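There are structures below to look over.
Both complexes shown next keep chain A, but they swap its partner, so chain B is in the first and chain C is in the second.
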Partner chain A sequence: MAALTSGAPAAGSTDPAPAGPPAPPRVGADRARRAGRVALRVGAVLLRRALVLAALLAVVFAAVEILPGDAATASAERGDSAAAIAARREHLGLDRPLWERFTDWMTALPTGDLGTSARGEKVADLLRDPFPNTLALAGAAFALTIAASLALGCLAAARPGRRTDRVIGHTATTAFAIPDFVLATGLVLVLSLWTGWLPAVTVADASGKPAEWTMMIMPVLALAVPQTGWNTRIVRGALADQAGAPHVEAARLDGLSTTRVLLRHALPGALPVIATGIATSTGMLLGGAVVVETLFNYPGIGTVLAGAVAGRDTTLIAGSVALAGAAITLVLLAADLVRAKTAGAGR
Partner chain B sequence: MSTPATSTDTAAARRRYARRALPLLPAALFLGAALAGPRLAPHTIDAPVTATYATAGDGALLGGDQLGRDVWSRLLHGGGELIGCAFLIGAAVTATAALLGCLAVLRPRAGRVLERTADVAILLPSVLGIMLVALAWPDGGRWAVITAAIVLGIPFAVRVVAAAAAPLAAAGYVEAALMRGESSLSITVRELLPNLRGTVTALFGLRFVEAVYIISTAAFLQIGPQPPEADWALMIRENAPGILLNPWAVLAPSAAVALLAITVNLATSAPAPAPRR
Partner chain C sequence: MYVNRRQLLIAGGGIGAATLVGCSSQGGDAPAPQTTGGAPKKGGTLRVGALGRAGAITRDPHGTQSNESDYLVLSLVFDTLTVPAGKPNTAPRLAASWESAPDLKTWRFKIAPGALFHDGSPVTAADVVWSLRRLRNTKSGASRLPGIQADNITADGDATVVLVSDYPNAELPLLTRLSSFVLKKDTPDGALDKAPGTGPFKLDWYRNGNARLVRNEKWYGGEVLLDAVEITMFETAQAMSNAILAGQIDLASNVGPVAARIAETRKDLRVVRRPNDMAMPIVMRAKDGPFADPRVREALRLVVDRDAMVKQVLSGYGTVANDIMGTGDPHYARDIPQRTRNLARAGQLLAEANFDLGRTYDLITTEDIAGLAESATLFANHAREAGIRINVVKQESGKFWDETWQKGTLYTTYWGTNDSVLFLGSKLMVGDAGQNEAQFADPAFDDAYRRAVGAADEAGRAAALVDVQKIQHERSGYLLWGMADGIDVATAKVQGLPTLAGYGRVQLQSTWLR
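Let's turn to the complex of A and B:
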């Protein structure tokens, strides 16, 4: 277990560590073999996630390629001659064979080079300032989602079948169904325009970050509430599955308090399912952030992408997909590790 | 052994049936109203009848929008296409996933391929995926959004069906059918799917809600329906600048989208969902 934690990259997993039994003293050789096995497993997980990310990038590149137009024609001024467009194409390197460009794009990605936008600017430069802002927004919403869905799920599971359980269940179902931009509109109307508590529009300061933290409250809420709805149901379901497990049953029959049974006996077993469920929310949060940002005028990639759609700038969108895919991969990796750790602790 | 049903039995059964049907009622009412809406609208969707962002009353029930068009009429017109598209996407994704999910269980090799596809799809936020497809197919309009939503939705849905079908594949009657040499399709349709009714119904509800989310989000980003059209998501975006002058121009379509998703979700959701992957 110790080897696994030290070998794992700190990929932002905020889940509480499962309360495993204290490790019994082991012989050195056994421990070394164990550590080797764990390292192998972590390596395999890392490799698999990296391959999956590469596959996504290949699909995105192919999607960009089957486009009717390319960056040269998309950025051409009205009245440009065919020769001028051909020159631009050569300048952007679009006349080279497909395979060569794909290899170049893929090998350049790890160095932080995301290619060139239709207007001839570096995609990495266009996304450098807004992407961290989007990550901050989605990250805050992610943290809130984890905390709220764990709390609500446990609260419901502590009173199975009672009114609290039913109310939380129905509220979660309802919250999950509301699209985030609809929720955002409602929040603006109530919290900003009618009561005047929060600023309706995000104003960026000189460094391009939101000027005040209160400007993040509504975007974060709009993103976190639907995802909390979904994940509360996952937490509740996973805890319900665990409630029937023999060791939980035994703990309950021993007369331990409900809270203790729930947190120390049922929750650790439910963590793998919960971690996987919450990790899949990352995509919804990042995608939702793009939409909510445009509504609040938040200085993230949403504004950049809206411009990219209007300007038919596919390289820019492909670059954003690559960044978002990498961020989601990290969270999924964290979920893999939570799962591996819980499985290891149970053995 | 079956016993003849007594009258108390049938009464209890009817009550049980009524209780099961109760969650369907709000969805049925709402869908009916939204689909019948265009016939009830007092005005056309593109004729200005009031001042810009006129407040409610004076001949326009919910006031006017940014061009002085009747919000109430546009609201009644704005749902049909959204509901139709969401239904189409939900049905297509559910049907494909039901077949592929069973295939994945019956043919482990195909199952592994589908698993990997889902792994890849999970890394692509649906909003970004739709932007990509909308750019790749600029003349596609609604159909580009529909295609993207179907393609992006299938991998998750296959996982849900496969997870539910896996225990069934080990059942004696499936093994017997396999021994008889029946085709995978025949086993899927005749042995597996009838036992997956609950999963498939819940899946359809979830996919419908997801489709409402995707279509309305795309419309909000101005991918799909274009300005003169009456569309709830488009109305929210167009009228946002006048939210203080006539809140109804934004509130009414917001409430409509939310109600559509919530009622359908309540109608089809099981108490505890299967994890998304």
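Let's turn to the complex of A and C:
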């Protein structure tokens, strides 16, 4: 667990914005060269992200090693002699040096081979159902975060310094400050145990998915509320910065409506900052999934990961982190593209 | 932290009890089911929650089962030769009856007439032999069928299986109680997930630890009332507790005291307490060191406030014990006077033994199961009131089993099979016991144990069993202050739930819905 929560922000940190090249729209050759340059830059960013991910996975391997006990003792039967545990250790390959196990695992990774768990199951099989479930959960929470923080941030920015602005500001700060498990427990108490409105936990059906869609509401809320708090503040701040920009000032002096000025003139300039902020939330969403999924019994990789840490199942932990890390990397890449595009357009 | 040793222990080798030589099917006293709701009714789907981890899932009936959810599925789909029961503690299942030769080495099990696999084919001795050999040849086979070589499991005709033990073993039928699942002969490893069983329910689907089972209309063991059982795996007891409180499941299996306390306040929920589920004794090394003098060990047993332990460590969900392991045994000696707290007597014994009150003694414990570390801390407080300084040391589980277990001078342990005085005696207390936790060696105990195991008549056996327990009560290396209940929570409509300790709780074949 420590691996993901401490690791995810590391992967979530974004690079400084690469300065968009000036775009002189002249001839076809130029355009082709420009496309080539963009592809090259995307490739470089991808490579850098892949290296960060590889470093993160190395940290995961090392972190599990530092924890007391290993997969052999964690899955031993009572009465197993020291010799039996040693044999099991050998069978699991735990007697080999850490770097060797890590290198073996890493070199197989590009072929899609996530290795074998401490219980002899293919890690890819163990994550086949949970990973899409987590993507669905985190994706829904992500969409809700974007929609809610844009709406709330704009609402606050439309009435700077007034009561709406202040209430939204304070609520957003509070929402971000609430720990996941407190929020999740509170949601279960209020929305399920007291009122009976929603199911308290997720029960999966024969397809491996939640049996009813209503089971997703509370986990999504538990993930989205803190991140909405964080991003609302970012949206509000970015719009405040834009309010002083000459073209926004000019639009307002032209007598355009507040809404129009906000959406048409201030928001586009604020988008690069907002995209970066929201993208950073992916790491927090996937990291928070460990806690939230366990509390709601949601069948995702967070639940798998929590159990895998208890079982000191290094390959299963690393496999979960690799998938989550890959998802985060893709979102960060998308954010980079949005930023490059909008920053370029702004000029 | 969710640790699986307890489940492994019970599902694996830790199975046993005392039975009679040549016991047969009439001894089958089914697990006393609860009856409050009138005549049993057919129909309905029971939704059960059970603990398990996604990474520890196993579909192999002879594999290492650490998920309660998987074990529940397996034991409803497959049958074992015998099952745990109340009195006597072993009842027939796929084996309708059994008998031994006078030497207690050769045992003959007769397969229940009419037993069919779910695909309709009859169960033959060849299937049973193949299954038991497969079990014996697994990594932990030696502890699951101790003393029985794979070659010594043979068929005699179509309906009889013969097991020959390396040594006389009156408890052999008990060893087959929980792990001897029977599959069809030559089931390939790759087809285990769809292999037909013989049990009261057939597998409808299984996915990632969750499953749906439907009634086996042709079960030889009697009429099954439930239409279906749906099993949901829970990573934590907390989530399972929320599920039963919100009405998403009908039975929360082994959910623990926290959920029980909430459920007590609700009319629509019922707490099922299964006594003698878990022993959490303190082990005092008898061979050498500060606790080698039996007077010192007795003094520690007089120091503990048993009522306070049950109340605080177990939240009241348990019973006071009397330093005898095997409290669920039908032959448990209730007439040995209950030991109670007596600080004056304890002080006197310590003085007589010249026990050094000047130093501090480490009591090593783990957080493997709920309440274990708390029991150590509370006991240290009780000891302090008697002038004994005890320092509680919490060890990480792996380190504990490597370095402290069977070697330490003062530590906590736990046992999940508690319905046989003899089984625990053979495993833990006879001089050459494989898991002699306290390094206890007492010729009088060994003698009493051998008399009990080898007794030809019931009276001689009962007398020897009393001796075994008296010696334990007096001077063994165990301080057994109490027994934790197993706790399930069910909705009011669920009837006929098993009340047996340990894995007796998975026997849902006679459960029904009001």
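We take it that the second predicted complex is superposed on the first by the 241 of 347 C-alpha atoms of A that agree within 3 Å, B and C clash if a C-alpha of one lies under 4 Å from a C-alpha of the other, contacts with A are read in each partner's own complex, and residues count from 1 in each chain.
Just so it is clear, a contact is a pair of C-beta atoms (placed from the backbone, for glycine too) under 8 Å apart; a residue touches a chain by one contact, two chains touch by 3 or more.
Note that the structure is predicted; figures quoted are calculated from it, not measured.
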Touching partner for A:Gly325 - first (chain B), second (chain C), both, neither: first
First, second, both or neither for A:Thr164, with chain B first and chain C second: neither
Partner chain in contact with A:Pro299 - chain B first, chain C second, else both or neither: second
Which superposed partner A:Leu286 touches (first chain B, second chain C, both, neither): first
Which superposed partner A:Pro199 touches (first chain B, second chain C, both, neither): second
Chain touching more of chain A, residue-wise (chain B, chain C): B
Chain B versus chain C as contact partner of A:Val188, first or second or both or neither: both
Chain B versus chain C as contact partner of A:Leu126, first or second or both or neither: second
Touching both chain B and chain C, residues of chain A: 68, 188, 193, 294-295, 306, 308
Residue ranges of chain A touching chain B (in the complex, touch as defined): 52-53, 55-56, 59-60, 63-64, 66-68, 169-170, 173-174, 176-179, 181-183, 185-186, 188-189, 193, 230, 233-234, 236-238, 240, 273, 276-277, 280, 283-284, 286-288, 290-291, 294-295, 305-306, 308-309, 312, 314, 317-318, 320-321, 324-325, 328-329, 332
Chain C residues touching chain A - in the complex, by the definition given at the top: 1-5, 8-9, 12-14, 47, 53-58, 64, 66, 140, 143, 204-205, 207-208, 210, 212, 232, 234-236, 238-240, 242-243, 245-249, 396-399, 401-402, 434-435
Interface residues, chain A side, partner chain C - complex: 68-70, 73-80, 82, 85, 117-119, 121, 126, 129-130, 188, 192-193, 196, 199-201, 203-208, 294-297, 299, 303-304, 306-308, 310-311, 313, 316
Residue numbers on chain B that touch chain A, as the complex places them: 116, 119-120, 122-128, 131-136, 138, 209, 212-213, 216-217, 220-223, 233, 236, 240, 243-244, 247, 250-251, 254, 257-258, 261-262, 264-266, 269, 271-277
